[in-house]
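Just so it is clear, A, B, C and D label the chains in written order, and each chain counts residues from 1 on its own.
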Amino acid sequence: MENILVTGFDPFGGQALNPALELVRRLQGITVDGHRVETREIPTVFDKSIERLLAAVSEIKPKLVICVGQAGGRPDITIERIAININDARIADNDGQQPIDTPVIPGGPAAYWSTLPIKAMVKEMNDHGIPASVSHTAGTFVCNHLFYGLMHHLATTDNAAVRGGFIHIPFLPEQAVQHKGQPSMSLEAIVKGLEAGIGAAIRYQEDIVVSTGQIC
Amino acid sequence: MENILVTGFDPFGGQALNPALELVRRLQGITVDGHRVETREIPTVFDKSIERLLAAVSEIKPKLVICVGQAGGRPDITIERIAININDARIADNDGQQPIDTPVIPGGPAAYWSTLPIKAMVKEMNDHGIPASVSHTAGTFVCNHLFYGLMHHLATTDNAAVRGGFIHIPFLPEQAVQHKGQPSMSLEAIVKGLEAGIGAAIRYQEDIVVSTGQIC
Amino acid sequence: MENILVTGFDPFGGQALNPALELVRRLQGITVDGHRVETREIPTVFDKSIERLLAAVSEIKPKLVICVGQAGGRPDITIERIAININDARIADNDGQQPIDTPVIPGGPAAYWSTLPIKAMVKEMNDHGIPASVSHTAGTFVCNHLFYGLMHHLATTDNAAVRGGFIHIPFLPEQAVQHKGQPSMSLEAIVKGLEAGIGAAIRYQEDIVVSTGQIC
Amino acid sequence: MENILVTGFDPFGGQALNPALELVRRLQGITVDGHRVETREIPTVFDKSIERLLAAVSEIKPKLVICVGQAGGRPDITIERIAININDARIADNDGQQPIDTPVIPGGPAAYWSTLPIKAMVKEMNDHGIPASVSHTAGTFVCNHLFYGLMHHLATTDNAAVRGGFIHIPFLPEQAVQHKGQPSMSLEAIVKGLEAGIGAAIRYQEDIVVSTGQIC
């Protein structure tokens, strides 16, 4: 049985938990469309996050890699379209690093596209009743950093057949209790959304053509 | 065993469902702190909604009355503090009526306070991990209309011992799929929040004193 | 020439300025539709704010009283519809007082309606190209407190012919520089909006009937 | 005297005006830090917009090119950091074209960075009291399209010494009257912001290093 690797970050920014970590605990070992989901916890730390991810890719030899991070303030699951070659940290990471305007990979291209079928994944999540949309920015913190590191690795090594991407998920309800006025999504809905999205990623080699574009 | 009456509106404004109606189907017949929850569906119609509610109050003889409505766009459960004596409908109700600047009850006072322990209810919901807050406006559509009609009835009849109020709940996730960018809350979280809130309403005759105020 | 009294609060909550105070400095002494605008600065302090306002009303004998306050986070000018009899302070006022769930006026009614033609004022502002809307909550801090104090005074003394109300205005652009992501409005637009609104308040004894209602 | 080229789009999406077009009418011919500002109107049309821009670059031989577009819903001026090689139109352009998931330039790289000193420009606008921030997505409509077309041209021709980028501006107040609840900015504030930003772009060959990053 082929493997799907799904990663989640540990808590950061003063949060007691990270919904991405709660998510991967729920996805560990499940089967989706005949594929086994293997998960890993990734530290919210520049560089070390990429090292940990690439070690897992090397070990697990997945067919698909989906990294997941928390997007506090977003109301729905967002499938990221593009990773950019910049670190610009508004807060320190979990090792106290706060790089400003440095490249993720010196000499790397400005950006990499996700190689997941992002629109098919959004549609599948929506068809299962889970709010989801395409996002055109994964920020400039460790989430985008890991996403760029992954795509650079897949593009520049003999992993060209492996597809990868990044998904942001909202606060959990218990986090929104502490962040009054912020939207949230239950872990059950997030799990259901990810299962639907993973299934679509397995089944669609080519993405579907529907507009999910944004005026700006 | 004493009764708690919880009501939910039927769908309106082109929606296929109303989370308040889904909620009451889940709460019907359950026991909370030794009280039985009895529920009723209320039409999203001016005047008829109040008639239906008062008939249910007369029949069920509840100790507490909690009316629930949908607040599309709000991210958390909101316990309404005050009902105002105005109908100002931006859209037509389910009978095609669209009153503008008419009183709910001609000659009634400008407003009535909820007689629920609103802050204890918010705290109890939050303690159970459910985002909730106090709201100072229930709008000017059928939700506020029913809320005002209830409080006027309780204040002007021999139901003075019966306490009542209104709670707004967010879109369900499947509704937010249709309303891109809007926050939502799962039915499970809403049910959990309501159970916690009903429990607090039963246990607290007097509200707790904590600030949940808003600058404006 | 008859007088219009317009008041603005001094800065609070750590702000260096209050747009309402900047506004009244610009409105002082101008003539609108044959009426003279007289302005006063009001301290952002519970009780003292009402005393200062009522002293000004007694001195100036205005035909209209319009109190103005800052609503940080709102994108447009909001004409408040109703004042409620509650103080619930999330932060301390400028004298360090932070009342929670006390009445503005013990024994007063739950609420008073604005006696300004709020919808005609919104329309006139809009017709002059200024974003404006009706609001159904002035919060529970000193703004609502002053508004309630004013309306109680006008309703219970021989000032019945004097009409009054409250208007909230957004942050100024220079404040939004400090509050990233918050909307703002230029002082010129606010002044233009208030002049239009004051004119409508003078000309309309009865409000116009158009829906500006909110579902919730 | 060297030239600065500033462009603005014509109205689209059913709008009666485009703040970017109003802006360039105000900037035409002014002098900023010893440079003359030359402006052009650009059609909100895929491909044709780039043709028109490149013709103007060829004619005017500017030292700096700043394209400006409307970002309805954003509260502040946003300096775009990156242009991406995708067209994904949610609505039709002014010629009825609605490309979905086509490249701006077939075979072009995934993205180009702005070559403007974006953070120095934000700081200068803020120092002049105008809300501004860095944005990491210019959308996927004609704004991003033109931005990408510009940067590709500058990167692949002998215009390497010419710097360029894109700025999004909010709705004008009169537009927000039609879009209830949306933030706006006065034309005077936008003009002031752009003058400050152009000045910074002239004076800073290298950008300043301050974090304006986003978690996501």
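Definition applied: a contact is a pair of C-beta atoms (placed from the backbone, for glycine too) under 8 Å apart; a residue touches a chain by one contact, two chains touch by 3 or more.
Note that this is a predicted model, so its numbers are computed, not measured.
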item	value
Chains contacting each of chain A and chain D, listed by label	none
From chain C, the most remote chain by mean C-alpha position	A
Gap in Å, rounded to a whole number, between the CA centres of chain B and chain A	38
Distance between chain centroids, defined by C-alpha means - chain B, chain C (Å)	30
Chain A and chain C, separation of their C-alpha mean positions in angstrom	47
Chain B: positions in contact with at least two other chains	none
Graph class of chain-chain contacts, one of line, ring, star, complete, other	ring
Chain A residues within the chain B interface of the complex	75-76, 126, 129-133, 173-174, 176-177, 180-186, 188-189
Chain D-facing residues of chain A, complex	13, 69-72, 74, 81-82, 84, 86-91, 98, 100-101, 109-113, 136-141, 143-144, 168, 207, 209-216
